[in-house]
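Structures given as structure tokens follow.
The two complexes that follow have subunit A in common; it is paired with subunit B in the first and with subunit C in the second.
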Partner chain A sequence: MGRYLRTLREFWSSSLAIELEYPANALIELLSVLGNLAGSVVVLALFYCRGHGLGGWSWDEALVVLGIYTLLDGFTSTLLQPNLGAIVNHVRTGSLDFVLLKPIDSQVWLSARCFSPWGLPGVLAGLALIVLAAGRAGATPSLLTLLGTILLLLCSALILYSLWFVLAATSIWFVKVWNATEVLRSTLVAGRFPVSAYPPALRTLFTLVLPVAFLTTVPAEAILGRATIPWVLASLGMAMASLGLSRGLWRHALRYYTSASS
Partner chain B sequence: MSRTLRLARVLLSVQYAYMLEYRAEIALWALSGLLPLIMLALWSGAAAAADLSLSPAELTRYFLAAFVVRQFTVVWVIHIFEEDALQGRLSPYLLQPLHPFWRYLASHIAEQATRVPFVLAIVLAVWLLGAGASGWPPPSTWLLGLLVTHLAFLLRFLLQSVITMACFWSERAAALDRLLLIPYLFLSGLVAPLEAFPPGLRRLAAATPFPSMVDFPARLLSGGEVDLLGGLATMAAWIALLLPLYLLLWRAGLRRYAAMGA
Partner chain C sequence: MAIIHARGLGKSFRVADKMPGLGGTLRHFFARRLKDIPAVRDVSFTIESGEVVGFLGANGAGKTTTLKMLTGLIEPSAGEVEVAGFRPFRRQAAFLRTITLVMGQKQQLIWDLPPLDSLRVNAAVYGISEPEARRRIDELAEMLELGEELRRPVRKLSLGQRMKAELLASLLHRPSVLFLDEPTLGLDVNAQVRVREFLADYNRRTGATVLLTSHYMGDITALCQRVLLIHQGQLFYDGSLQELTQQLAPYREVCCDLGAVYPPEAFRGFGELESLAGHRVRLLVSRDQLTGTISRLLSTFPVLDLEVSDPPVEEIIGRLFREAAVA
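Moving on to the complex of A and B:
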């Protein structure tokens, strides 16, 4: 365990050094996070103009959902995109060989090798929005609620990670699936809004097939003090199952890996 | 003249054959543009939709048309140009008696041709899922709409080409596309019909080229009321502004081109 933590520190400090070579990117990312957030708030406001509601959620409560979406999007840019987006290239060029030879678990290496600081503005903006909006919505979370929310947010992050990893791991068979993760990212945009705002058929789809509901709506309900035991358990179960799936699929996929070129 | 025609035919057929290789990927790309349909699901259930001047059937038609417009106005020239410039592939293109602009334009048009079956399939699916009841405008309307959609593509291609010229000055200019995407996403009418915007925001949107890229063609395509001449004049004005700017930047940038890589 200690070895893994030490390696992780080396990984992240080296990739931080690389990324800091491009300081202008920091400005672009900051502007992009702020612009996206402002745009999302305006679109949300369109649904709430003249006293209308959306899916039974008040304005401030819906902002909590948007905050969690922003937080997860920042997490995606920080860890998922730079790491899991690179798997396809490792498979295509055959450099996965070198990863498999390293004395460290290959899934850990592939999932945590890079760290991009440019997602951090999104993480911070998301956290700020969650705290602000939850306060305005009148939430006075107890310590237990707070711990529960953090647990559910961890579940969201795990589900999101597993979805990405499973899609990226299929590149062992299909080689070019770079776009598959792009599809995932654009479909998860649906998580900007509470899931009850969608028609019933889509609501089922977003709960069971593409777990958008567990990503943003369930943690938002938790911090607002509306969490119910069945949903918390379902979220935990979903996180465990998808993590197990990603692990199992990776071990299975490696048996089909035949290296590439040279 | 005959040389131009032959050139266009060869360029397009070569690029079409090349794009067919990637048809599975292009199917995934088509899926990643589902945003207008997600927004349709939200708007059709939202109470705020009652305030719009569009009837539910018109709203369905509008978002379906926006989906089609989005599919045929996808532009990625900045990413491929950045790669070509960094890896030195641009150098042989420059030696040929053909401006590289045409090569990139041809590959975009060829990619759109490979998209047609997927877009038809998705539109048909949405149709069967219930949008069919909203009817469809007469052929003359949507033929004109498709023509204007193509003009919108040219405008978007030109705008991104202007930004692309930053590749001559920076190694990571493609990040600028993320900034360009924000106003495109929120001001073009992709996430909400423009009449849902408050008057001030609507005036701001009208001062940018973005409504010409989605709102205007989608409205035509869905058979809504539009100021045809005014819309076309706006598009022509933007193209007349961007084209000289592009040529100017191209000449300035080319002088800085260092032919990196091979």
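Moving on to the complex of A and C:
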């Protein structure tokens, strides 16, 4: 465990060193986060200013969902995009060889090698929006509710990670799967709004097939004090199952790895 | 004691069989035709601990595929392989700490950062303490003649410096079995010589086993007593380099400096005329007629200097592959 923690420290400090070689990125990313957030708030406001609700959610409650989406999007930019987005390239160029030859779990290496600080503004903006909107919505979370919310947020991060990793792992067979990961990322945009705002068919799709509901709506329900045990359990189960699937698939996929020719 | 065993090793790849042109592309998109191509067939050998073995073959002969099976990167389709008592494809941590693979055409160093940053990552991954890692880096850097280069971004290093830094990164965990795939690829002659000297020194100091592929015969002649020759996926020869040259080249090269200039016809009956430039003549003479031919040369021409040597190994092996391709 100590070796893994030290490795993670070296991974991230070297990633930071690389990213800080290009400081202009920081400003661009900050502007893009603020722009995206403002755009989402405006779209949400359009619904509410005309008196429409979103699936029975008040304006402030819907902002909590948007905050969680922004938080997850920041997490995606910080860890998922730089790491999982690179897997396809590792397979295509054969640099996966070096990863497989290290005495460390290859899935851990591929998932945690890079750390991009430019997603952190998104994480902070998301957290700020959650706290602000939850307060305005009248939420007074107890310690238990807070712990539950953190657990559910971890579950949603895990589900998102596993789905992405599964898609990236298929590059062992199909090599170029950039399009698939792009489709995944754009579908997850649906998580900006509470899942009950969608028509029933989409709601089912977003709960059972693409678990968008577990990513944003379920944690938002928790912080607003409306979480029910079955949803919490379902979220936990979904997180464990998708993580298990990602590990199983990766181990299976490596049997088919042929390594790029020299 | 043998440290590498390969028995009946084989690997075939499933590759797409696509016809050229738009029609072929469309057909390929809708109904992909695949075929199995054997890359390595029934290869068996053992390598003793501490040996430095050259692995030779033309492009596509199966060298890299064999190395990838020995390092556990790909699973053999047939046969068995054992390295340092491990089955490579299981990629157990203890096995991965024992071996290293250096690939001349791929790099593990982080492009935008100095090699020292990559070395810190490797030290952490292999669980080498920081003071110990510093000690090993100093020792290897001295052997490799690397100094302030380790603090310069990798992208600013010359190819030779980068290769030396790659070697350092690959040897930080003190592996006892080294697989080197074209480690001197693209290097200039001086850099090649330095890498060779380092590898010989490393082998002497640590007793590590080395299996080396290279297109530069200089690497093989300088480092390897024994060579494995692979052709079209099959092992063609396994033995000493010296025996190979004797077996494959039943002639020797005789080079004479003469006291006068002679026309080419004058050398008829003295073997095969290889070159004639002014006073210097080079002849290829079969081994069984060597002494007779030399004494006739000495009595016929005013010989100032005479040298007998084996023809260059590149030529022998090139000839061997050409003959094998024809056969």
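We take it that the second predicted complex is superposed on the first by the 262 of 262 C-alpha atoms of A that agree within 3 Å, B and C clash if a C-alpha of one lies under 4 Å from a C-alpha of the other, contacts with A are read in each partner's own complex, and residues count from 1 in each chain.
Just so it is clear, a contact is a pair of C-beta atoms (placed from the backbone, for glycine too) under 8 Å apart; a residue touches a chain by one contact, two chains touch by 3 or more.
These numbers were taken from a predicted model, which means no experiment stands behind them.
*Asks:* Put the two structures on top of each other at subunit A: do subunit B and subunit C fit, or clash?
*Replies:* Partners fit side by side after overlay.
*Asks:* With both complexes overlaid on chain A, does A:F193 touch subunit B (first), subunit C (second), both or neither?
*Replies:* Touch status of A:F193: first partner only.
*Asks:* According to the contact criterion defined above, which of subunit B and subunit C contacts more residues of subunit A?
*Replies:* After superposition, B is the partner touching more of subunit A.
*Asks:* Given the overlay on chain A, how many degrees, to the nearest 10, lie between subunit B and subunit C at the CA centre of subunit A?
*Replies:* 90
*Asks:* Using the touch definition from the top, say if A:G53 reaches subunit B (first), subunit C (second), both or neither.
*Replies:* Once the two structures are laid over each other on A, A:G53 reaches subunit B alone.
*Asks:* Give one of first, second, both or neither to describe whether A:G94 is in contact with subunit B, with subunit C, with both, or with none.
*Replies:* Only subunit C is touched by A:G94; subunit B is not.
*Asks:* When the two complexes are placed on top of each other via chain A, what is the minimal CA separation of subunit B and subunit C in Å?
*Replies:* In this superposition, no C-alpha atom of subunit B lies closer than 6 Å to one of subunit C.
*Asks:* Which subunit A residues contact subunit B in one complex and subunit C in the other?
*Replies:* No residue of subunit A touches both subunit B and subunit C.
*Asks:* What residues on subunit A touch subunit C, complex-wise?
*Replies:* Listed in rising order, the residues of subunit A that touch subunit C are 3, 6-7, 9-11, 14, 17-18, 21, 93-95, 97-98, 100-104, 255, 257-259, 261-262.
*Asks:* For a test of understanding, state which residues of subunit B touch subunit A in their complex under the given definition.
*Replies:* 22, 24-25, 28-29, 31-35, 38, 41-42, 44-48, 50-51, 170-172, 175-176, 178-179, 182-183, 185-186, 191-192, 196-198, 201
*Asks:* Applying the document's contact rule, which stretches of subunit C touch subunit A when the two form their complex?
*Replies:* So the residues of subunit C in touch with subunit A come to 13, 64, 68, 71-75, 91, 93-94, 96-97, 99-101, 103, 105-106, 108, 110, 112-113, 117-118, 120-127, 181-182.
*Asks:* Which residues of subunit A touch subunit B in the complex?
*Replies:* 22, 24-25, 28-29, 31-32, 35-36, 39, 42-43, 46-50, 52-55, 174, 176-180, 182-183, 185-187, 189-190, 193, 197-199, 202
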